[in-house]
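Just so it is clear, A, B, C and D label the chains in written order, and each chain counts residues from 1 on its own.
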Amino acid sequence: MHPEKTKHAFEPKIIAFVCTWCTYAGADLAGTSRMQYPANVRVLKFPCTGRIDPVFILKAFQQGADGVLVSGCHPGDCHYIAGNFHARRRFAAFRKLLEFVGVDLGRLQFSWVSAAEGGKWVEMVTGLTERVRLMGPMQEFKELALEEQWSGAINTPELQEAYNSI
Amino acid sequence: MHDNPIDTSIYAAVTEAIQGEARRILSEGHVAAVVGYAAARRKGSAQPVVVTRADDAGKLIFSAACVNNLAVYLTKARKEIPKSGKIGIVVKGCDLKALVGLMGESQLKREELYLIGVPCAGVLASTIQPDTALTAGTIAPKCRECDAHLPTGCDFVPARQPVTPELEKHYSAEIARLEAMTPAERWAYWKGQFKKCIKCYACRQVCPFCFCEQCLCDRNKPQMVETTPRPAGNFAWHIVRAMHLAGRCAGCAECERVCPMDIPLNLLNRKMAKELKELYDYEAGFEVREKGPLATYDEKDDQSFIK
Amino acid sequence: MQLYISEKNLKALLDRLIADGMRVVAPRMDAGTPLYGPLTDSAGIVLDQLPRRSAKEAFFPLCEDIMSYEKQGRKVSLTDIDPAGFPETVLVGVRPCDAAAIPVLDAVFSWDYKDEFFLERRRKTTIVGLACTKADDACFCTAVGLSPANPKGSDLFLTPLEGGGYACETFTEKGEALVNANRELFAEPNGSTALPLAEPQTERFDLKKVKAWLDGHFEDPAWDSIAVRCVGCGACAFLCPACHCFDIVDEGTEKAGKRRKNWDACGFWKFTHHASGHNPRDLQPKRYRNRIMHKFKYYDDKFGQTLCSGCGRCIRFCPVGIDIAAIVSEISKK
Amino acid sequence: MSRIGVFICHCGENISRTVDVERVAAEVGKLPGVAFATDYKYMCSDPGQGLLKKAIREERLSHVVVAACSPRMHEKTFRKAVESAGLNPFLCEMANIREHCSWVHQDRKEATVKAIELVGMMVERVKKNRVLPTITVPVTKRALVIGGGIAGIQAALDIADAGYEVILVEREPSIGGHMAQLSETFPTLDCSQCIMTPKMVDVANHPRIRLYTYAEIERVEGYIGNFQVTVRRKARSVIEEKCTGCGVCMEKCPVKKIPNKFDQNLGMRPAIYVPFPQAVPNTPVIDRENCIKFKTGKCGVCRKVCGPGAVDYEQEDRLIVEPVGAIVVATGFDLYSIEEKPKGSPIKGYGEFGHGRIPDVIDGMTFERLASASGPTGGKILRPSDGREPKQIVFIQCVGSRAREKGISYCSKICCMYTAKHTMLYHHKVHDGQAYVFFMDARTPGKNYDEFWRRSIEEEEAVYIRGMVSRLYQKGDKIVVMGSDIAVGVQVEIEADMVVLATAVQPQKGADALAQKLGISYDKYNFYSEAHAKLRPVECATAGIYLAGACQGPKDIPDTVSQASAAAAKVIILFARDQLEREPIVARVREAGCVGCFYCKKVCPYGAVEEKEIRDRQGNLVKVVAYVNPGVCGGCGTCQATCPSKSVELDGYTDEQIVAMIEAL
């Protein structure tokens, strides 16, 4: 018997960028422990949070992510000594930039999840999914992607349909 | 208020001093060339010039129309400037900060430069006709919060003291205004601005720190940033640009000055500078530092935003 | 046909066109910058400033889709953009320098290959020109043989009058059709004299002499000194009413995307960069030389026209103060 | 055009129970570039791998995606299979549809959709994968062993006996560790020192073991086969090469009353001392905090009496760099001291047991010292407070361990057995005494362990009371222990003369700091994490580093010794090769785009980035660009994320691969 599943009107698309040593392993642990969490998340594995270029976060939003989770090893636990320390600064700056251009930071979550923290992984994914579900779809980048310069715009029914669908 | 004149009377004497020094270092063979400003056809206008002969030193000027940051001619736009020997360069205080940054990023060597510093009371804003008098209303926004009227650490600075009235700070006020908005309002503001962008890349080409030979945004395998000047691609470009300059830009505001679409690009740079100052107590351009704030870390860095 | 239209009626005309579903494109303020764009009502029109970008984008957009692709399984479906879908447009408030460049562009877009994207927009657009009463020292239309009152390229041309309103003259069927459909908004000329027109200060270039020099000086040390300051952006080409180079890019993902046509600029390093890594225009002076050559020699060689209408945008907005008027004037004296 | 093969694993029912694997195969089979898609019960099995290899050959596959468990589990398996079928192993990727999908979702539809997308992402990624050649690096055939307890000693001896040089580093002045402190050992009751000291001497005499005692690890750089370890040799103030170990200095030292940590502070030692008589090396160390010479500048007796002139007050810490190819970590454990709550410790404290307040409440290790013939009481069980023999003694088990509410949920594993041993030792020494044990369960799995435990009850008359102690307090010279006997269901109150607490086994202090230097992971208690709980219990996830003993989790001596030998075997296996193949996940510089800003060099944690001059044919300097030494590169990719022009790229995680995945969403 499975517990009854609540159906939601909006299922957000969540992309997670994680390091392979801690958070990916933590997510594996959540699996081996048979913990349950929303199926909205798609995990992209990196060697280290140090490898995560802010452009990827931007790209994820542009490609239709409603929420982005970035997670790696706790400070001091980096398999590569200091990758997460560099990442921490990079992300601290980048989120300020995103905030300044009007991205609601509720959609962008950073966390440290160690290989031992399967539960924390579940908590992070569930928390972000639920928060973004309440916030609704990330309209801004989707609208932007459909917008044309006035001079190049053509008013086709397909375009209108695409607009209406978001 | 806005038509309060700003005293630029020292510029004549500064011009004379620059010419004299350029003539001396060229004729004595200290430098192979001097990068400076020269008058151009339009009334009151100035443009960058490379002087290689002492006889041409008289072409050099300094005026409120000498807006360019010439640092760009020492890096990527350098190809046509004589390679051998020291280069002399005319620098305002704001330009000097870029040079300092470039030294930290292994792009320039101090010993290969002869710095002619300019005591500067300010230059004209980008949309102002070059023959306009400098006033509180026509001065470039960056000059309103200038903290480097007199460049330091130069090889030569004309002994003149610019008179610099206290002006209302433009960027701090704009940052505060935007910060007070809701995310949706800020998004709408920037969307409106970025929509105008035509991807002429003038901002990139004049930036002393955009010295990459191949810009990431020009690459197509993979295409990290769309090259089309549509709203989506424009937004991405400006975010990437601001992020790449974070911790490096010292506020010469060339990007904003040259933008033919009046996009307030330096506002993004100043916001990032403000954040990095608050987070890591770092300000670009004051001393040659090997590592900028995003090339280093402290184990105790703030991580209140990380769960 | 010579008529008079008051400022009020001009606005009424625009509002009526808009209400009828016509796209009315005119200069208006866009986030603080004067730019051409579709009006939602006549109140937004801004006629006292030269728009930052030229009128060419009404025919040659900054960026346009020309095709889209979508993969479904192993099938790839391609959809062409049908120019028939382009909207009927009235382009209002076009200054002589902008309007004059448009027929010049007809030549290149209908030469061997007929560019339906450009030509269909041309067919569907009525151009309402406007004489200039102001000029700054970057303006040089008179230097290339045009003038602040030259109606070249306009279907309908407006000249501001003393005491308000405009003298209105039609030059084409399209212009006449626009007037006839809204005849009651126009009146017979009332005898007012035109406002004093602008007088750009640049002396007229001897374009023949300029071309003659260019013919013989592909290699010349002058290029180095002219372009030593050029930093290689595209501002001049993008603001120019006559520059028309474009780049075609595919954008999208493995699944779906668009083929797009974007403005390009010969000042860019990438413009002639070969896939091999070789770049025949390896240094900035060679790129800037192409800009001058194209405007005053190549286009003349091919179409007998000059690719410059003297709007002065490239002078005003060159980040490093390159002044094409000064350069061409210099050449004409050689 | 790629010809990708996609293989969807059922994992028995582990995946197929939740994910419609046939549907996944059908859907991804439609993706452009996918030439073959199938599902199979167990992809990792022999027939599964056979299927994969057959398809590669018959379908002329160019790339492979295996959708199964975590790549952390089987990536190597499938890459090896792919390689044996003639494809470059790095053209194979795994989609994790078990740990990240079927095991964490219950809704079949959602899980199937997710699985299709996860596989789709990997299909797009693998299209951008490049052939990566394996990189070979030389192996430095010397090992570092950290910790000189029984684990470190065993590992060092085994490796050295196999013919390789070993550097053994011990923090304390002598090797021996906790085992040297023990009295007798379960389940045989042989004297700990009798079996330990010969091994210590073996270490000291071994021609291939270089022993650094009173030394700590300062810094670890490099990677498997090629570590550079900086060892800090703390100033001993005695020159080891000169000292003969005669002991005159210790006799003459005017400071005598310093509590000896080795004796759990019950015995005393001088300021110049060896921790115990059988110490190896038998070279004293000056405790500078308590030495009069160092405190006041006066004295200097030890230098005066030292014949060989070995005492050197000016000695300073020395940093020694040792190149090694493998590292065994054997830092052992410590007993949780409930009198003080260590900073950052998850344990909340056991104030109710009076440890530290009531002198005759001691921990198990203190009891060991009391029972040891070489201990402070010469092997007599005497109360620390008044030196009387306790006639009633209470042992309390699981103090700290298995107490989730206190912060530790694990079992310390050794306490049941050592408490049983303590009751026996007590009974042997205090014939008229009575031992009581409060316990939750007796955990005695091990050869002859249960027999041993039963003996303590049946033959040695210990009274085992199932239940926990709620409170104890001092009453006159007695300690009143109040507890419950849940077997009978009554409250019990015992007036004891001494109470022994079996406190939890914890990692050594500073275990986390050492892990950070080594770049190995650890759990929330600071026990070091093995690469796989079952199949790689000795290896760390960081290649070239191995674990032995209680630093990985509570262990008794036989388990510790077994693991130490296992770790040694792993090291010997590594050293059996001259060249080591390493994963070619390294950064490479695209010199054409590099402008030499050296941001990569600034952020590289390995110092792998060098400056390289590019010259034209005439020899003129064109530019200076970055060069990544593939042997030193750790493969984190921080350089690429930092490089403004993306002119450095991490193989295996290129921007193209990552963007392809993002775009597949």
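Heads up, the rule we're going with is that contacts are C-beta pairs under 8 Å (C-beta built on N, C-alpha and C of every residue); 3 or more make two chains touch, one makes a residue touch a chain.
From a predicted model like this one, the values you see are computed outputs, not experimental measurements.
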Chain with minimal offset from the mean of all protein Cα atoms: A
Chain at maximum distance from subunit D, centres defined as averaged CA atoms: C
Chain pair, A-D or A-C, that carries the greater number of C-beta contacts: A-D
Whole-Å separation of chain centres (CA-atom averages), subunit A against subunit D: 33
Between subunit C and subunit A, distance of the C-alpha-averaged centres to the nearest whole Å: 44
Subunit C-subunit D separation of Cα centroids, rounded to whole Å: 72
Whole-Å gap separating subunit B and subunit D, where each centre is the average of the chain's CA atoms: 53
Where subunit B touches two or more other chains at once, by residue number: 195, 216, 223-224, 229-230, 294-296
In subunit D, residues with contacts to at least two other chains: 592, 603, 642, 655, 659-660, 663
Junction residues of subunit A, two or more chains touched: 54, 59, 63, 76, 82, 86, 90, 148-149, 152
Overall pattern in which the protein chains touch one another (line/ring/star/complete/other): complete
Touching residues on subunit A, where the partner in the complex is subunit B: 54-55, 58-59, 62, 75-76, 82, 85-86, 88-105, 109-112, 124, 140-141, 144-145, 147-149, 152
Of subunit C, residues touching subunit B in the complex: 30-33, 35, 52-53, 62-63, 136-138, 224, 227-235, 237-239, 247, 249, 251, 260, 262-263, 265, 268, 270, 283-285, 313, 315, 317, 319-323, 325-326
Touching residues on subunit D, where the partner in the complex is subunit C: 30-32, 124, 127, 592, 660, 663-664
Subunit D-facing residues of subunit A, complex: 2-3, 5, 13, 15, 20-22, 24-25, 27-28, 30-32, 34-37, 39, 42-48, 50-54, 56, 59-60, 63-65, 73, 76-83, 86-87, 90, 114-116, 122
Interfacial residue positions of subunit D with respect to subunit A in the complex: 70-73, 96, 98-101, 103-107, 110-111, 113-114, 117-118, 121, 512, 515-516, 519, 521-524, 529, 541-542, 585, 603, 605-606, 634-638, 640-642, 650, 652-653, 655, 658-659, 661-663, 665
